[in-house]
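Letters are used for the chains, namely A, B, C and D, taken in the order the chains are written, and counting of residues starts over at 1 for each.
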């Protein structure tokens, strides 16, 4: 499947016009939402690193055996390890990819990249953000001032370009807009139409929602439209961008959801152990136990354990009002 | 890690790095800090000489107050936002670098070379890497757009003649090659290790030893470096960690998750 | 304003415009509406055929619910946000146009010409204007980036051969001149007046009468137009305002601040 | 005074570095804040039209006889009439300039522009916003897709440029970044360091704060830093951008401040009458009575009348929670 680096404007507009953007209810299941994503599409993941990762939706995608997705994210972590091991993707676009500083370099990522089983396309963090932002704004490129002089830009070949400012004569980078086919974003709450509130760290999610051709929201809680309309200045993602809303409490576990639960640190230690010992077999065992085994998302949470769930929630609720 | 034991005080290499880096900061500065030693150093500075230092996190945070014993495991985790002045999108906090609001960036790296270029992408180069490292994250942006402090362990395999891959640009090939690459602003300022504190020659931009940790010789520094170092006309001896600095670090990281 | 009185119902020219414009909308559309007749038309449409119509305001509002009797005096006033789905920065709501999220833009103007170009900047041209008008506001953006409905009184001084100044581009000089100017998307779609409803010829892009208000003749429309109008092969007669449409308008604007 | 259309990057950075951006208290008076603005500087005004207009700060500037300012704003209204009549500015950059639809075209604006006493530099509304946004991002220009084919762009001469996208070949506009010397922004609340919260309509204020070389905040209320730190995701303007904080209750009167007071509609009707009858003499009388006459801002509010103040507040407090 060939893919334009930058979606031509006429196509971008045509794709948007083709969608039903009227106010309508979109509540559905993880399984039905997974059906909205086709093999080979470019899927951008909301959140960052191990925060507000839409794990439940990815769990459904892996179970549905979706394949050849291009996956982009600000920072990739264990969710992308899982997508690689499950065969869901062979191409990840991000700025940083590992479980996290305290757990060392991801052996799963290393295995796939060093054996050339997959491609890790590396852009700087700000460049990832600006590429989504340009996509969100409906412009084909946006100027910036990093990545010059580095090998990160050299690795990108013709996808990396510089240009001269027509006003100042300064040399700047022209970052190509990124318009994913789908953005999957987990939020603390949204209404049945997809008007979403996001507490705390926003990461790149607002730009992601506007840049993507369609948005799938998973949410800790579905609230009434009336609730949303009482504080419209708290809405972060407007319903017009959204194709599906799935209520999935604890939908980021074992990652965190701001103000709701912190990462399941003991589980993350266990994950690091398993995948460091054997990034292939360890990962397949992990997927068998946590992805393919449980029949429902609640079953998956049971696998993590009630005590771990309660502990993550206790820690997660004490953000800054304590 | 290596233990040094001057004057009865015990400290780890990470603690030594954090303390030396903290002393490089000036009150009132705005500092982009990574997790681990950088964050410890910035917080340590706030507790001593720099009460008005502002910390920025790549995850989208301005001015957090770190809760002792609850150091965040990532710049993108909710702990990073405790008592912060502002939480904002990632792209916007990184744009503060581009807008010129940041005085110092502060990070580590797997490899550094004579001109302060950092590699955190590939050991062995991109074609057939021996190790695929996590990648740039905000490192490229920070090092492209502001003045840099790097803290790392001083080992020959890390201090190399030429990095296998420039993830975060330092002075590139020295002299004016950085500005000519389109980066007229910022640049590598200091490298802090468990052996020395280094700067870069004003013209050639070669790494230059400015100070050495107490008890460390020129020979030892050179032995642990994969290229010929320059030494300043007058190489200082770094003041050993003070008891109150170590106490603050122990208070911040009582379980030594980041200072072991 | 002129009063028309068909079938016992009394209405003003503004009410006639609002009702005719409302009928041009399709349920589920996203409409960028200005204050006055445009907002009345969009709200009227929501009350009748288009319950799922989404209104956007230039001040930064998605999906407001207008409170009858409290029509906002500007798209930037807090009344615009009542029961809205989202409030966002001005630039971002305007960018929805550029991103392609908007089906229809809806505004007025001081002058319009054969190709649907609108002037709201200068009567008499920019060098020595007879009247300096308020300017484009979002008008240029809206008309550059989406399909347009314009509602205005049908007067010869307003329907001119060539506008003194193109504030908001219509079809520019007709045919493919708009696309060639860098605007491949959107364009003038309908002009609603107290005399007629007009479109633009598919090839030449000249203003073309599609329907006339009840009791209005071709001659009258042409007399009140400063250029030669085209007429569609079959010119419809617009259905006069229905009682329920007028009742909704009276309910929305009981003091007739916007419909006098 | 000549002025770069786009501030060269080296100068932009040098100006920022020169400021003390450390955490420090900045509370001062209207008069002292007015002294921070020099004749000839480019001052951008927060809010839009008759909403969150920093009238009190402009009142102080007019009283201080500041002159030759370049004034930019998303939409200009009676505050800009006043600045023209007071001689504070002869150059306004905006997208729309009048009192408001229901009051007709501003006779004061017409008088100054038709007699060539001042310049009204017209950009489209989105273009104004994107120019500030480019300034906020530290890039010298930003692509966009409006203003082409119109006379608005032709009037701008060499300040308006188009370019070709290096990826898609599409023709786009290159809008020049706008970095005002000063932004004056009125907010509902901020702390003594300048961390500001803005309720409801944000207009272009966040970009304005980041684009400007320094920011003067006026605020309905100064709150504690502790208050701000309890909900850091509600902070809209960070203290690092701010040079001065002035507490001025009702600081937008007779315009509105979201959630606090609506416009003083009767006064606005009166203003329209006065200025329509005689845009010169009427305006001078108006300035004498409301700007130069009152000794304090409270005296100015007394001139508007207690009943009018209470009525505006009653209307203003019923936004969307009623």
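The working rule: contacts are C-beta pairs under 8 Å (C-beta built on N, C-alpha and C of every residue); 3 or more make two chains touch, one makes a residue touch a chain.
From a predicted model like this one, the values you see are computed outputs, not experimental measurements.
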Higher-contact pair (C-beta pairs counted), C-D versus B-D: C-D
Taking each chain's C-alpha mean as its centre, the one farthest from chain B: C
Whole-Å gap separating chain C and chain D, where each centre is the average of the chain's CA atoms: 29
Rounded Å distance between chain A and chain C, as computed from the means of their C-alpha atoms: 41
Centre-to-centre distance between chain C and chain B (centres being mean Cα positions), rounded to whole Å: 59
Touching two or more other chains - residue numbers and ranges from chain D: 9, 138-139, 144-145, 172, 200-202, 229, 232-233, 320
Chain B, residues touching no fewer than two other chains: 61, 81, 83-84, 87-88, 95, 98
Chain contact graph, described as a line, ring, star, complete graph or other shape: other
Pairs of chains, among all present, that meet the touch criterion: A-B, A-C, A-D, B-D, C-D
Parts of chain D lying in touch with chain B, wherever the complex brings them together: 9-10, 12-13, 16-17, 20-24, 136-139, 193, 195, 210, 225, 228-229, 232-233, 235, 238-241
Residues of chain B defined as touching chain D within the complex: 27-30, 52-54, 61-63, 65, 81, 83-88, 95-96, 98-101, 103, 184-185
Chain C residues within the chain D interface of the complex: 35-36, 58-61, 73-74, 76-84, 87-91, 94-95, 97-98, 121, 126, 129-141, 144-145, 165-169, 172, 177-178, 181-183, 257-258
For the chain D and chain C complex, residues of the former touching the latter: 48-51, 74-75, 94-98, 100-102, 105-106, 109-110, 113-114, 120, 122-127, 129-130, 132-133, 144-152, 155, 162, 171-173, 200-207, 256, 258-259, 262-263, 265, 316, 319-320
Residues of chain D that touch chain A when the two form their complex: 5-6, 8-9, 138-145, 161, 163, 165-168, 170, 172, 174, 176-177, 199-202, 229-233, 320-321
